[in-house]
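Scrolling down, you'll hit the structures one after another.
One chain, chain A, links the two complexes that follow: it is found with chain B in the first and with chain C in the second.
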Partner chain A sequence: MLTVLNGLSFGFILFLLASGLSLIMGAMGVLNLAHGALYMVGAYVGWSVAVDQDASFLLAVAAGAAAAGLVGLVMERGLFARLHDRLDEQILAAFGCLYILTDLVSLIWGPQAKAPIDVPALDGSVTIAGFSYPLVRVVIIGVGIAFAIGLWWLQERTRAGAIVRAGMDDSSMVRAIGINVELVVALLFVVGAAVAGAAGVIGGLVLGASTSFGIDVLLLALIVVVLGGVGSVGGALAGALMVGVVDTVSRTELPEVSSFTLYALMTVVLLLRPTGLSGKAA
Partner chain B sequence: MRNMSRPPGELAGQRRRQRRARGFSLVLAAAALVIALVAAGCGGSEKKSGSGGTIKVGLLWPFNGFASNYGPDGKAGVELALKQAGMEVGDKKIQLVTANENVLDPSQTLQAAKKLVQQDGAEVVLGPVFGSSQQAVGRYFASRKVLSIVPYTATRELAQTGTYVSWPSLDTNFATPLGDYLYDKLGYRSIATLAPDYVYGKNLIEGAVKPFVAAGGKVAQSQKVPLGTTDLLPYASHLSRNVDALVMWLVPQDAASFVKAYKSLRIKVPLIMINGIFDPTFQEIGSQVEGTLGLMDWSLGIKNAENTKFVSEFRKANNDTAPNNNNAAAFANAQIMLAALEKSGGSTNVDELRKALQSIEVQTPYGPAKFDKLLAGVTSRTVVKATRESDGHYVWAPVETFDFVPGS
Partner chain C sequence: MSVLELEAIHAAYGETPVLEGLSLTVEPGMVLAILGRNGMGKTTTVRAIAGLLPVRRGVVRLHGRDVTGHSPQRRARAGIGLVPETRQVFPSCTVREHLTMAARRGSDGAWTLERLYDSFPVLRTRARAHGGELSGGEQQMLAIARALSTNPDLLLLDEPTEGLAPAIVDDIIGMVHRLKSESGNAMIVVEQNLRLALSIADRVVVMSKGRIVFEGTVAQFDAEPEIRRRHIGVG
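And then the complex of A and B:
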């Protein structure tokens, strides 16, 4: 029971991280390998606001999201808008951004990792099925569920979501009916970056902040998107929860094989469903 | 915003999307594998050694990358020791040359080591710090007969090359005093252990476990954390509650995450931290570990004359900044190097330095130190307790010190 809960709470952190990456890929065809670095930027900015400035955690989340969104805006306007449909260049540019952002963070905050953010109001625990469970993890699961519903509603039930979906199908047609696709794409990139930044701060409650996040969490986010399928909120959620639970269970129950469990899972899913669990296509 | 339904007849669009998705999935899978490999890490002109009156000392510590704080920390410690010695030993001047230890790419560290020795002319080397780097350069130093002093233990295999000075001991011997302390002083009979799933972590924990089991204790659970683990909560929730204590070592960032998870689960099993959490992380989570016991080789709170002098001199030289573990390790390593050179009459010949090391006793901030046949340190360990001082800072305060702990 506790192991599954642990997996779910980790899975929801991964969902917050990977949903932005999945939507950006689905809508724009951009493989943003600097997405983990945006998570890292959010984590450090949020840590500074919550710990150094002793401000409220909500303000820290807003600051982390704003900082990552701003960096995302610069990346989109400065690079990806100019590299449309050029996958090789996009990957190289994104890797460059990853290294630059990691070095900048290291320069500003130092190379040493930061301890998890301590929010006294979330310090307690709750009893679930007779087990004591950290309140902060329950809150993360709740935030993840709220985020999933919000993103699904935005994508499936709003005009903005319809434009994004239409852009995934046929961007020329969307342009032809007078919609500024470039603006929509830029906004989506910034929102995806901001969600990654917010995820960095929320994840910072249990993981802290580290300059290794740029690579470490990107790897997990990519596995989530491969499993879930690109451009789908539901797919990202399913993929994230699967990664969270499988990774957590294998680490405690099958530690000898836990290092490659996720890769085995990814291989099996790709063999059975080449477009991911959701079956959705970008 | 109003609801919009999907337009009919999306078949062509769906096919396009299917094709794109397959392409993306393969690219993503390839990217994930490449990143996994990256994350896992995977001779020029001849030596211009110090001229007759100068000995060149190399410092091979990380100056770039995620451990880039180590290099400057180490340099500050070494410079203080050299300054105290007047930048000379006997009638020879000492010159410090630095090189970068690349923590993620041991082959780059090997290149840096070759340059340090063959081009910069280093005759004695301080470092490298990390095990993977030590493995990469061990054979090279042995072939060049260059003595190297490593700050955070070495494996027995490396020590057997005969050119490695392992400080403060071999990795297997770091925590040996803890086993008897747990059994005899604390009365524990059953423990759980937690360590990273690689050689250093395993050997460190084994050092404590062996004497504990020999005394009659039992290890009821042994958890190993694979490299790349992000979330430590599963290891806390999986911990057996029927043990007397959890003996653990994790890198400071992971240790901080683990402690937070541990406390939030309200686990009552006492934590025993081997070489626990260092500053600045220790100050960030001090309130969560207050009262926790641990075993350390050095801490700011250790009370001996040499440590008092070291802390005071370091503060004077560094704008009142207190020294950290890296500063202390590098300082002690430089002291050892100077003492060995003094005894050898300024000779950097590895055989003479080895003979010198085995016949000296050096007063370090850790305590008095000798060296055994494998050149492993025989020095002090201290049982410490995380304590809040009156100014709000946290220190690992000494509880009991063990001198001349066997090094191998």
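And then the complex of A and C:
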């Protein structure tokens, strides 16, 4: 049971990361390969604020989100907005950002990984149905559920969400009713970057920070997006929880095959649902 | 002042020229029908007016202002409402969202959600349905209502009855007639259905190979059976 709970908390961290990746990909039509690097930037900035500065964890989350959001803003304005409709160049630019950010982080914080952030208020454990769980994991799951509900509401129940969905369906028609799609996409990119940064800090409670995150979490987030279907909040949630639980359980129970269980999962899901769990075509 | 002036516009898909020096004018409250066989540039003209296809030479003016280089969203805000040929409703948005999403202009006598529902009762009953769940006729009603929700001065209707069942075609024709008499919108109607086109139009242009080969009133068009025979091929 503890393993499943650990898997769920990891899954919700992945959801924070992958929901942004999925929505940005749906709206821009391009995969932001630097999305994992934004998570990494958040993780390190948050670690500095919480551990080096000994500031409150909420402040660390805000700082991580702000830092990643700012990097996202520079990337969007400096690169992607100028490479409009040039998908190959956008992918290469994102890949370049991934390497640059990884090197910058390594220069600033050194190559050694950072230990998980210890927040005294989140030490201890809670007992649910006779099992004892670490409080920090339960809090991560709670934050993930709250974020999922909030994001679902934003995407399915607000005018902004309707514009994002319509833009994925047919962006030229959205322009033709007077909406500035470029501005909407830019905002989505920056907000998605900030959420990735916040995810890095929250994930830092159990994962710490590492320069390998830029690629490692990107790969996991990609699997989530492939499983869930592009541009779907519900699909990203289902995919993230699946990946979190399957990866964590297989690492604990079947370590000798854990390196390919995720790919086996992906193969099975795609055989059954070629367009992903949400059923939307990529 | 004219709502729309096209002055010798040229447009192309890649290297293939589609519009070659097209000029036309739409006055306030006027309904202009664009006729012609398939592939003669009718839809291209509509897309060029909406800003979805760049104009390579010539000038597009809205209310006397040069908007040739303006984006589709700026043109929509300047008063152009597009009902595209393939309707292009959003499969993942509800009917209500289609009608509340657009950037609105003006306020007095504007197309509020209530007024749109009153004019298109079927959309009120289907308010929570997604675009992808609608029938062809419902999609066409939605596409027209969505364009109206921006409170346009000039409505572009591209083949509004194409592919619809005869009973639905009558509904759409009635709708377009009501729009003309009630709202006083200027309209450009591209239509294969001559009955609709000639019943609603004040003026007619006939296009062939990216150029205008006839322009005049409906009566003048009726007096030229040769134009109809050569460039439309019916009647």
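The definition used in the following text is that the second predicted complex is superposed on the first by the 279 of 282 C-alpha atoms of A that agree within 3 Å, B and C clash if a C-alpha of one lies under 4 Å from a C-alpha of the other, contacts with A are read in each partner's own complex, and residues count from 1 in each chain.
Keep this in mind: a residue touches a chain if its C-beta (ideal position, glycine included) is under 8 Å from a C-beta of that chain, and two chains touch if they have at least 3 such contacts.
Values in this document were obtained by computation on a predicted structure and should not be read as measured data.
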{"item": "Of chain C and chain B, partner touching more chain A residues", "value": "B"}
{"item": "Which superposed partner A:Val201 touches (first chain B, second chain C, both, neither)", "value": "neither"}
{"item": "Which superposed partner A:Leu237 touches (first chain B, second chain C, both, neither)", "value": "neither"}
{"item": "Touching partner for A:Ala63 - first (chain B), second (chain C), both, neither", "value": "neither"}
{"item": "First, second, both or neither for A:Ala176, with chain B first and chain C second", "value": "second"}
{"item": "First, second, both or neither for A:Tyr133, with chain B first and chain C second", "value": "first"}
{"item": "First (chain B), second (chain C), both or neither touched by A:Ala162", "value": "both"}
{"item": "Touched partner set for A:Ala18, first chain B, second chain C, both or neither", "value": "neither"}
{"item": "Partner chain(s) touched by A:Val184 [first = chain B, second = chain C, both, neither]", "value": "neither"}
{"item": "Residues on chain A lying within both footprints (that of chain B and that of chain C)", "value": "159, 162, 165-166, 168-170"}
{"item": "Contacting residues of chain A [partner chain C, same complex]", "value": "159, 162-163, 165-166, 168-170, 172-181"}
{"item": "Residue ranges of chain C in contact with chain A within the complex", "value": "50-52, 71-73, 76-77, 81-82, 84, 88, 90-94, 97-98, 100-103, 105, 131, 146-147, 149-150"}
{"item": "Chain B to chain A touching residues, read off their complex", "value": "1-4, 6-7, 10, 13-14, 16-22, 24-29, 31-33, 35-36, 38-39, 65-69, 197, 223-231, 233-235, 237-238, 252-253, 256-257, 260-261, 264-266, 280-281, 284-285, 288"}
{"item": "Residues of chain A that touch chain B when the two form their complex", "value": "2-3, 6-7, 9-10, 13, 25, 29, 31, 33, 51, 87, 91, 106, 110-116, 118, 123-125, 132-137, 157-162, 165-166, 168-170, 206-208, 210-212, 215-220, 222-223, 225-226, 229-231, 247-248, 251-252, 255, 258-259, 263, 266, 270, 274-276, 280-282"}
